[in-house]
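Next come two complexes built around chain A: one with chain B, the other with chain C.
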Partner chain A sequence: MTIEIRNISKSYGDNKILQNIDLKIESGELVALLGPSGSGKTTLLRVIAGIEQADEGSGPVLFDDVDVSDVDLGKRRIGFVFQHYALFKHMNVFENIAFGLRAKPRRERPGEAQIREKVQTLLDLIQLGNMAQRYPSQLSGGQRQRVALARALAVEPRVLLLDEPFGALDATVRRELRRWLRRLHDTIHVTTIFVTHDQEEALEVSDRVAVMNAGRIEQYAPPQEVYEKPASPFVFKFLGNYNLFHGRGQSGDGAALVRPHDIVIHRDRDSAGPDARLGLVSHIGFGGPVVKVELETEDKTHVDVEVTTPTFNDLALKRGETVWFALRTQQEYEYDFVI
Partner chain B sequence: MAGAPIAAKTALGPIKPAPPPHPVARTVLVTLAVSFLTIFILVPLVNVFVQAFAKGLDGYLAVFWPPQPAPEQVLSVVQQRKLAEAAVQAGRTWHAIGLTLSVAAIVVPLNICFGLAAAWATTKFNFRGRALLISLIDLPFSVSPVVAGLVFVLLLGRNGIFGDWATHLTWIDPFSLRWVGFEAGFPLAFERDYSGVIFTPLAIVLASVFVTFPFVARSLTPLMESQGTDEELAALSLGASGWRTFFKITVPNVKWALLYGVILCTARAFGEFGAVSVVSGHVDVNDTMPLRIEKLWNEYNNQAAFTVASVLALLAVFTLVAKAAIEWKAARDLPQNQGHSSQ
Partner chain C sequence: MSRTHRVIPGLPLTLGYTLFYLSALVLLPLAALALKAGQMSAPEFFRVITDPVVTASLRLTFFASTLAALINAVFGLIVAWSLVRYDFPLRRLFDAVIDFPFALPTAVAGLTFANLFLKDGWLGGFGPRLVEGVNALAGLTGAGPLLPSGALDWLTFPYTGQTGGIVIVLVFVGLPFVVRTVQPVLLEWDPEYEIAARSLGAKPATIFARVIFPEIAPAWVSGVALAFARAVGEYGSVIFIAANIPGRSQIAPLQIVTRLDDFQYAQASAIGVVLLAISLLILLVINGLESFSRRHERTA
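Here is the complex of A and B:
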């Protein structure tokens, strides 16, 4: 199902959470809403779900080109997974997943045998086939997350909305679960939107990323494009570490943003090229596959550089040495735009 | 929001153990607390029972079941009078017990509904005047019950604002439903109705509702607040109706707090004196147990007064045990319920 939202604004009192948001999600896509806390990403998700109402004067929320702005949460046929899962504490896993089926109006409600079969299929899908009788409190975080997903999927939603789905999990489970989510999405092809503040997660899992800042969408593009061609300094900065160089624009008046791994260190001037500058190695930090080198330039600014460990070994850098560094690529912006 | 602080905050939550106090301080504090409880609570409570049994078990039981003379026994006029008097007194005591239970049977369900509605409204919705509503819920706690009773008299009494309407109001006593046989058609009929509000059992119900209103609402509010609305929203998003969400999700989540509130509410409904005293008009038929105790006492019938008081005290002890049992049960359920955000 396609989702389209037009000119959505939302404010609490004077606090503008969302400002004139437009977004179109194609059928079967997996889209990430990425942004720092307070950027409005969760509110946007809740407006799409129907949990929150957009302000007066906002445009419509369209599901398959049908305006659902005035349709109740329960009638939109969405699957919503809450950040802390919101599993029903007093029901076991089976009853949690069956809840949506049992809540259907009598005419549409499947029989007990069908409910059993459906729940068992979902339990197998989330690989918790033998945990039907457990209570939420007896599950690990990752298991709860999967139960919440199965519960949402049980009613065959037209769209799956996930609020910080992996936010409350530890790093290993997180990585595992997001790959699992991607595989799940590739199996069931339901249009999915998930909210995250983790760039890595958004880039790895999604088909397209909407980067949000202060209630607006800064860029909406596939992960590679977002990373390689950031539409604004904000997007560039939010997606990873960076160095800021003043006066490096083509007009000489702008500024440039450079990723630490896009800086090359050379031992001699000739190989470094005409734009190379001098830097004093002030700190070396080992980080497994990459080594983080901190350089201090003549004007006392710090430059963070990341080199691969083999390159680092070839260079045989030591603290206190002076080396040449050059920028491989850079992103230029108008000066006042950056500060 | 982590699970642990919520647990400590709720009325039913386990209390965080305090750091071990200085041994001398501990001894002094424990002695102080124990002697205070003994002098002000335990001794009077025991005294109630001692006085109640002042005339032995027979005397105790005679308050409820006055001795029946054997049919062939010849009685003097004085003896006959005494027996008749005892029967009348026992009748009034039974009536008071019946009225107390009836009032509680109406008041408690009403306040379960009002309390749930109030707690629901103030914790799950944000609206203009929410803070005012929260303070209003607490009002019956801060207002003297006598004032509460007087308010009803001034509103609904003969010269009250709604006095004209209230004095002409006729209402059926729901507890007077009797089997009347098939002669009149429908076999069940109400045998008693009242007119007016003040100085009738209806006023007692109103006053009791007012005084006991905060108990359910107050025991639910902190828990409902800490639980937030996510589970309800999840149920709604799965297509459940509002009622289904309420009865399948909200109520089970607060069942222990609700039961706790109901017990406190019941105990107060049984024991309320001030407000009920004002609106009862001191008519014998409007006596609840506390009012009956006062009358017996005023009639120098101390042993009977203490006997009825002992029944109330037993109800209080029962309440206490039930409350402790619920707290124990809820505490046992709690770690399981609160584990959500811990991993």
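Here is the complex of A and C:
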């Protein structure tokens, strides 16, 4: 199902949470709403769900080109998963998943046998087939998250909305679960929107990323494009570590943003190229596949560089040495933004 | 036990104190009561507790207490719900008023209720009082009496010296228990559960019955149990509103006091023992209900 929202604004008093948001999501897409806290991403998700109402004067929320702005949350046929899951504590896993089926009006309610079958299918899908009788308090965070997802899927929603789905989990489980979510999405093809503040998560999992800042969408594009062609300094900075160079722009005064891995370290001046500068190795941090090298330039600014471990070994860098460094690529911006 | 982390130092001391405290204040007096009743021979004991006047008083006590507890169960829940979920003018004042029955000497409450519900009281004789008032106002303006006396005589509440009046005061003394036990649970309630249920298509009635109520049930059941226990032991307010006719409108505690007035201590104790035994039984059942409603909290 396609989702389209036009000119959505939302404010609490004088506090503008969302400002004139437009967004179109194709059927079967997996889209990430990425942004720092306070950027409005959760509010946008809740407006799409129908949990929150957009301000007067906002445009419509369209599901498959039908305006659902006035359709109640319970009738929008969305599956919503909360950051802290909101599983019903007094119901076991089976009853949690069956809740939406049992809550249907009598005419549409499936029979007990059908409910059992459906719940069992979902339990297998979330790989918790033998945990039907457990209560939420007896499950790990990752298991609860999957139960919450199965509960939302049980009523066959037209769209799946996930609010910081992996926010409360530890790093390993996070990585595992997000890949699982991607595979799940590839199996069931339900249009999915998830909110996250983790750029790695957004880039790895989604088909398209909407980067949000201060109630606006700064860029809406596939992950590779967002990363390689950031539409604004904000997007560039939010998507990873960066170095900022003033006054080095090719088109006059400006600033250049450079990723640490886009800086190349050389031992000798000749191979470094004409724009190379000198830097003193002030710190070396080992990080597995990459080594983080901190350079101190002549004007006492710090430059973060990431080199692969093999390259680092070839260079045989030591603290206190002076080396040449050059920028591989850089993103230039005029001096019209606040750093 | 010694290997687990202690928040309060000195388990032997605190446990010892707890046991001593419970023994001195609860178990010892109860034992003394049983012992006093035990001074009677078994046939004598049975003769006392099967006396029709006594059985009638026990029946009245438990019937009125159960009814009052059930009324409080329903309305206490509604009061707690309204105080937590809605904001209305003077909400905090109403919230404070809930505790009145805790603080007010129950005899005062009994007297007040009795006066209100007497034939000449404001509520007991509502119709005739209204006629009087209207006619007095009409008299002030110079007109004659507007309403013939006796016009609203049907609008009275029957004198409640019987079970009705007793139940009313027992509802009064038990009200805070249900409200005050349910309120904190509702305050801590996370609205996300409701939103989740709504997003799954559940209707408000379903959400209350299947999502909200099971969460507040344990607290609610203990509140009802407390209100019930309080009602069984209530004496001061009831004797002021009840007609106290032996065998008809006399509660068990009054039976006990009557025996004490006649220096029949053993007989008084015997009735006390029966009163306690039945209360204990009922409270055990309620406790069982409560732990059943908490079964999901037992984690493996």
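Following the convention adopted for this analysis, the second predicted complex is superposed on the first by the 338 of 339 C-alpha atoms of A that agree within 3 Å, B and C clash if a C-alpha of one lies under 4 Å from a C-alpha of the other, contacts with A are read in each partner's own complex, and residues count from 1 in each chain.
The rule we apply is simple: contacts are C-beta pairs under 8 Å (C-beta built on N, C-alpha and C of every residue); 3 or more make two chains touch, one makes a residue touch a chain.
Bear in mind the structure is a predicted one, so any value in this text is a computation, not a measurement.
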### Side-by-side fit of chain B and chain C on chain A, or clash
clash
### chain B versus chain C as contact partner of A:I284, first or second or both or neither
neither
### Query
Is A:A103 contacted by the first partner chain B, the second partner chain C, both or neither?
both
### Message
So in the superposed three-chain picture, is A:F88 touching just chain B, just chain C, both, or none of them (first/second/both/neither)?
### Response
both
### Task
Considering only touches as defined above, state whether A:I51 meets chain B (first), chain C (second), both or neither.
both
### Query
Which holds for A:G141: it touches chain B only (first), chain C only (second), both, or neither?
first
### Query
Touch check for A:A168: first (chain B), second (chain C), both, or neither?
first
### Query
Clash with chain C: which of chain B's stretches 21-29, 57-65, 147-155 or 183-191?
57-65
### Query
Residue overlap on chain A between the chain B contact set and the chain C contact set?
49, 51, 72-75, 77-80, 82, 84, 86, 88-90, 99-100, 103-104, 135, 137-138, 151-152, 154-155
### Message
Under the stated contact criterion, what part of chain C meets chain A in this complex?
### Response
190, 192-193, 195-203, 206, 210-211, 214-215, 296-297, 299-300
### Task
State the interface residues of chain A toward chain C in the complex, per the touch definition above.
49, 51, 72-75, 77-80, 82, 84, 86, 88-92, 99-100, 103-104, 134-135, 137-138, 151-152, 154-155
### Query
Given the complex with chain A, which residues does chain B contribute to the contact?
230-231, 233-241, 244, 248-249, 252-253, 335-341, 343
#### Entry: Partner chain B, residues of chain A touching it in the complex
49, 51, 72-75, 77-80, 82, 84-90, 99-100, 103-104, 135-138, 140-141, 144, 151-152, 154-155, 168-169
